[in-house]
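To keep things clear, I will list the structure first and then write my remarks on it.
Note that the chains are named A, B, C, D, E, F and G in the order they appear, and that numbering of residues resets to 1 at the start of each chain.
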């Protein structure tokens, strides 16, 4: 853990940008990252739920609890 | 985690407003958020359980344990 | 978390009153709340287990471990 | 959490008395409570495993790990 | 928690004696308890895995991770 | 824990190298390790999801939450 | 916990020796233990995955996350 890079940096760089968060139950949420904390709790705006590459529903603003998240990827 | 915004802010802004909380087992509760804590434990008033977009039952006041919650969305 | 209301207040107000606690495995217990702690461990008296709205069995005094509880609702 | 009653009191009152402990996997153990701790780890003596109201096997002395327990009821 | 007896005492008394440990997935291990810690991590020697009362395999020395254990019983 | 070697050393040595991370749900991700922390949260670049030895999709940059990871292997 | 023996001693004695680690999902890994920590995170070298007594694949160096491990046995 020498060179100062930490996993949460990717979230910090993604503020106000589109990210995809995938949950333990397989669901995918794409939205604009507004905030996060060390538990990986996230708040997204203009969020959409996607399933198998297709838009399932629009949610608007959403809080995702960190312990349900498997992966996060900048879009 | 620079600009002062934190995920729990969305809950603070939602006090006394309608929110939807979805649980790990897929159940959805819509109600007026009265209080929350850092574990995401919630208390709602005038709460209703919904399933697939339809009202399933009225519950009134309810305490939801934070570790069962996947997502929270202002309505 | 400004205005002093916390989720556990609903439990404090429910002491010696009837509550319903629902567990992760779907079981429902209705009883008189005698005590609780920050882990949401509960003790009820005159407790009954209900399933789909019907009385399943009378239990008397019961300790419910907090981490198995999904929701609690005053009756 | 005002009046000094705590959930673990029910366990303290049950020392050397018969209790029933039910596990997350549905199994029931009835025995004489000898000791417990804040994790709800229990030791019973003269313990029996019951299934659907019938004696399944006699175990004697047994340690039950707290995080597998759903409920405890004095007999 | 008054009289000084604690659940881990049963493990301390069982050092160098035969115990049975049952895991969350239903598997049973019988062996000579050599050491344990507060997480209920165990080391057994001359351990055997049993299934439905019959010897399944001999393992020799084995470390069992505490959070997979449901119950422990002196043999 | 005497000789100074620790499990996280393998991650430190793997910075900027290709690793494979396998999740609890069986999914495999191969990518260039950019950062990690003590929770085993990882960030990979040029990441690919593989299933049964075949490329399933390219993801680019990805954050994997540590508690979903079973194993990590340098490629 | 009197006589100074602790469960992790078995891991310390197994450094640079062959061990078998079995995961919660039933998978078995055999390899040379290089390092471990108090979370039971392990690093093995010359690791192989086995299923039902047969070699399934060779992995080389592998990090196993402690919370997925059920048991560890020196070979």
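Brief remarks follow.
Going forward, contacts are C-beta pairs under 8 Å (C-beta built on N, C-alpha and C of every residue); 3 or more make two chains touch, one makes a residue touch a chain.
Given the structure is predicted, the values throughout are model-derived calculations rather than measurements.
Where touching is counted per the definition, chain C and chain F have no chain in common. Chain D has its Cα centroid 19 Å from the Cα centroid of chain C. Computed from the mean C-alpha positions, the centre of chain C lies at a distance of 42 Å from the centre of chain G. Between chain A and chain G the centroid-to-centroid distance comes to 33 Å (mean Cα coordinates, whole Å).
Across the assembly, chain C contributes residues 8, 67 that each touch 2 or more other chains. Ring order of the chains (start chain B, then chain C) is B, C, D, E, G, F, A. Those residues of chain A lying in contact with chain B across their complex are 8, 12, 15, 23, 25, 29, 34-38, 41-43, 59-65, 67-68. Across the complex, chain C is touched by residues 1-3, 5-11, 24, 40, 66-67, 69-74 of chain D.
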